[in-house]
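Scrolling down, you'll hit the structures one after another.
Both complexes shown next keep subunit A, but they swap its partner, so subunit B is in the first and subunit C is in the second.
And now, the complex of A and B:
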């Protein structure tokens, strides 16, 4: 009996121990390829077409554009549709601020800007061959169908190939010894399907130059997330794809970081397909009073607090840290042999890279909270700046009083990047290229900035320095299970999450000094009254006893 | 006489309550780390390895991962486990205090709180040791002195690499990092 109990106990302890210890070893995959989901996709598909039976696809292809021509033989309007979208034009005219935005025009504080770096950046363009300003945006065969519709996971667009996949086996990253196999284009074409999380994630998880770098709420852990990480996309739960919320029509994917929907109180829940309404908001499905009658008080918060504020308590929760700062001013240091080098931080993430400067990474990041009304103002190439201040690359507008703002969680990304000391404008460096002027080839800022600004059509005086900048990124993915939403105390208690948000009176946290004084006075008077009353009764009782004894 | 007795009892109760309320602060301490989670862990791990006196890392646990496996979220927690046979041996040899093996290995917890800061939680080994007689008191006093060295950070030294324990192939119950034996 004793032995069996001991065995049972030992087994129990091992069962408790093993999941803990093994969890330390489990690190999420970080390769930017789609998962090999061909078999799963085929099993789960509801498609009425089997592309492997299409005559136009029953051959081998030498290039991406050849595949596109075959696709267009049936999907006659697809390329024209794609060519109207931001994914193709990399342009966006903000109707409110009238700023011309899009990747083609903005400068960020990650890899900075596209002009002069086309071959590298356009690995994430839905097209083939954008290597310079002369790219033909009207050629339909330049549209890349496969990057969004591949289900094999073998199709990759590597930086430096101007949006083409590698048609030959290729060592990537250079000098790493890792070989990226050339995709079998025919095989990929015969296995196309609906876009999966992996398709969208091939670019959006790797924005800013690597896994989890840019957004904080989008990284490769979202390819097959568990329940704790995202209740909507959980592979063992609702298993949403990106397109479930970003319901696409005519290849146009709704949702924008340039003009986000900060408050969807007006539309609320609505049927899919309704035009001019963003289907990707929480309210689009959950409505404007999403909590049950039992939790009705929470609905009273919904007019001022974005759902994301409570339901995404932290970002970068998938085990992959996100980049929080990037200092370009330290880039260009070389080792004693004159070679570029990298340094790692305690967690094994890049802390310094001669090509890019210093970085800081963090996971399980507690967001900052701001009032946000959906209006974003960008610092563009022609914007004059004050270098003594931190430059807000994108300024999220909002206030407690404008009637349009809600409190949103954001990732605040800080950095230092080059600006012109004479014109007081941001500068674009030519970072990537096989030529002599690219920064990553020669580590010469003068040459890199001169070439970059020439390509962008901007002015460069020749005098440059580095200015502190910051960008804000709305946090809207990685929705936690409802039991992990912020609790009341986390905002209503002292040192709460919303401490830095102006214009708020939060019961429990905030106090009115006059009301407090009045309350304490009443309490004190009550205490004095009780003591006086008790004392009097005690004295009177004593006198009575004394009188009776006499 | 009755009043004196009542006053004595009230005094004892007040002292008892005060002790009860202060006990958590006396038994455990918490401080803010100037570094991020991983760097804090790495610096402590390397301090442990450099302290001598038989100290060796015996594990690094991540209880937050277990919660995630269960479908939930908690802020990051990492627990460094370290042991010194020099200190564990005399306690493990003595039958009357062997139950103190429950405190082994020595743990230091590094965790993030809702204010976004990283904290270091430790046990007050010195005070706890005093409760169990002179031998344990002496040993635990030395542990407490070493514990201070574990938490001494030199910001001028570059961040070292975090040491992740090797996962045992099978059967072994504690990931070993090279001789945390005795614990």
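And now, the complex of A and C:
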């Protein structure tokens, strides 16, 4: 979907283990108020079907796949549709770069990668039972309808269960003392509806292992955002769901970060009958000259500057900080008793975790700005790298003069992660698993990397070190009201937002210093000249009175 | 002792003073846009600068029309006749109250030095500021006009600023020279009332 695979991946991974628990977990199964809320929601959707009246759903269900079979008894094509999408395959072939991407294939600098960690990561797969390479991608009952269509808020997939919800009450996170109730599957099934912000957010808000970790512009504050946080999704405003922009047909959600639309000048507004390449762009609704005549000069900016650059002044604005860096090289320290531990920073956020290493979180982050033409290149498992350089996990292409780029805001996420010193390739650790080779069970990199690379089908020489990496994330959500957009001076002045963007002459910021020196000197000399001339006249005027005054 | 002649007609005076106001506004906002200081804020400065520029264009359309239909354009035909005398006057005679070498009439209201100065305005400053300003204003249309590969905003802005500095210097001298009538305010009064006292 829109957030796509990588995210999902990461999400998955992170989610899984993370503190997810706090937000997701807190609402779950018990909610006594669920019914009236659902009734109201139903009234608002104008749906012609009340699923609680469906015979196929008037029973109790023991497992997710059982529910799916009931769904498919009416929605005969739904599973086939889902199975064609990235949400199911976790694969994406970038038509431009020919790189095979998708959560199944990419490596990031958060939890790194899915292979060998399926049971954990696939908590964010729209399916049931993907615990290893043998998962059956053709079985229709393996599709999880509920994770996207639950309206009760009680359905939750926990990391480690390979995409299943917990069918019995379960302590989660382990040893936390918190109990996640098993959802009442029949109840959930009888209350399905259109996907809400919370449905998409269950994975996409938690990418990277926890709330807000990965994207910076997607976190649980978007579930019920204020106008200031998101002018489109605000509950007391337009109340958009994700699908309002990511207009979905046949379960295929458009708008992917793997092949983003950096410039939508050609396609413009989304008209009825028109086949949209990507309906999730700003231009799809606002057109290419969105400002009123009074602000016409701003329209002149729109050919070179993405809407997001001015209209998302900062990300992580909802009060939840996003992770800005992650250093795996320090992971694995144990306390005196040989136990893993966590440290908090002064803001109360995780600063160190034996399982993961050192972190840095920030909120209200000013984005970096780059030229971006929509083309993204990934460093994949087989990409050779130069460990003396910062490795770009993904690289956004663009330039001031390729005619296709716009200036975009991004979150730049930095980190350190393992690579093979002999093959000069990135490595995938086996992080999660009940076996003794997973990093999170025994904190041994050698074992974790050996098992991880075996599962990924890659080579591991046995010699590894940590390499500095960075990853770019387009900032496109959390659009602020227009009154909170950037003002002119934030670029047209000293120390502006675009100071690091090449190829620009910005009036108010840039001026030729020689011309200024020459110009002001001439003006000053002229002024001194006329003052001297006038002064002389004044002095001489006194004398003149003796003579020829008329 | 002195006679009064009607030098500046009503439209001419309207033209002069509205143009003065617009040029002052353009200079104040223009140098702010240029980054020389902060006064109104960049956005507001751009807005006023643009409105003032379009107003001046409109005014000039009327002024050019007026000059041609009235034949007043001939006042700007440059001449070198008596230029040396004028220069000598401003360098020497003006201090000793020597007689002005140029006799102003309604048909010849600009002295030869003025005519040369206005020639400079027409030949250098005006094209420089207008042409560069036009491309500056229509920056977004360069590609549509097919000129984007020949122009850079940096150079257009550079030339526009060169024009602005020339006009600033012109403006300083122009204001000073208004004080050089037979009294300090005589020329300004003439530009307000239309009537100039001529000795």
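In this section, the second predicted complex is superposed on the first by the 492 of 550 C-alpha atoms of A that agree within 3 Å, B and C clash if a C-alpha of one lies under 4 Å from a C-alpha of the other, contacts with A are read in each partner's own complex, and residues count from 1 in each chain.
Definition applied: a residue touches a chain if its C-beta (ideal position, glycine included) is under 8 Å from a C-beta of that chain, and two chains touch if they have at least 3 such contacts.
Values in this document were obtained by computation on a predicted structure and should not be read as measured data.
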Checklist entry - Where does A:95 make contact in the superposed view: on subunit B (first), on subunit C (second), on both, or on neither? => result neither
Checklist entry - Can A:483 be said to touch subunit B (first), subunit C (second), both, or neither? => result first
Next on the checklist: After the superposition on A, what does A:345 contact: first (subunit B), second (subunit C), both or neither?
Outcome noted: first
Checklist entry - Between subunit B (first) and subunit C (second), which, if any, makes contact with A:174: first, second, both or neither? => result neither
Next on the checklist: Looking at A:313 after the superposition, I want to know if it touches subunit B, subunit C, both of them or none. Which is it: first, second, both, neither?
Outcome noted: first
Next on the checklist: Under the stated touch criterion, which partner chain does A:526 make contact with: subunit B (first), subunit C (second), both, or neither?
Outcome noted: second
Next on the checklist: Between subunit B and subunit C, whom does A:540 touch in the aligned arrangement: first, second, both, or neither?
Outcome noted: second
Checklist entry - Between subunit B (first) and subunit C (second), which, if any, makes contact with A:502: first, second, both or neither? => result neither
Checklist entry - Thinking of the overlay built on chain A, is A:515 touched by subunit B (first), by subunit C (second), by both, or by neither? => result second
Item to check | subunit A positions touched by subunit B in one structure and by subunit C in the second | outcome: none
Next on the checklist: Touching residues of subunit B toward subunit A in the complex: what are they?
Outcome noted: 36-39, 41-43, 59-63, 65-73, 75-76, 112, 114-116, 158-162, 164-165, 167-168, 173, 175
Item to check | Sites on subunit A touched by subunit C in the complex | outcome: 297, 299-300, 303, 487-489, 492-494, 505, 507-512, 515-516, 518-520, 522-523, 526-527, 530, 533-534, 536-537, 540-541, 544, 547-550
Checklist entry - Which subunit A residues qualify as touching subunit B in the complex? => result 13-14, 17, 19-26, 226-229, 313-314, 317, 343-348, 351, 360, 362-366, 480-481, 483-484, 490, 495, 497
Item to check | In the complex with subunit A, residue positions of subunit C that touch it | outcome: 1, 32-36, 38, 41-43, 46-47, 50, 90, 94-97, 139-140, 143, 152-154, 157-158, 161-162, 164-165, 168-169, 172-173, 176, 179-180, 182, 199
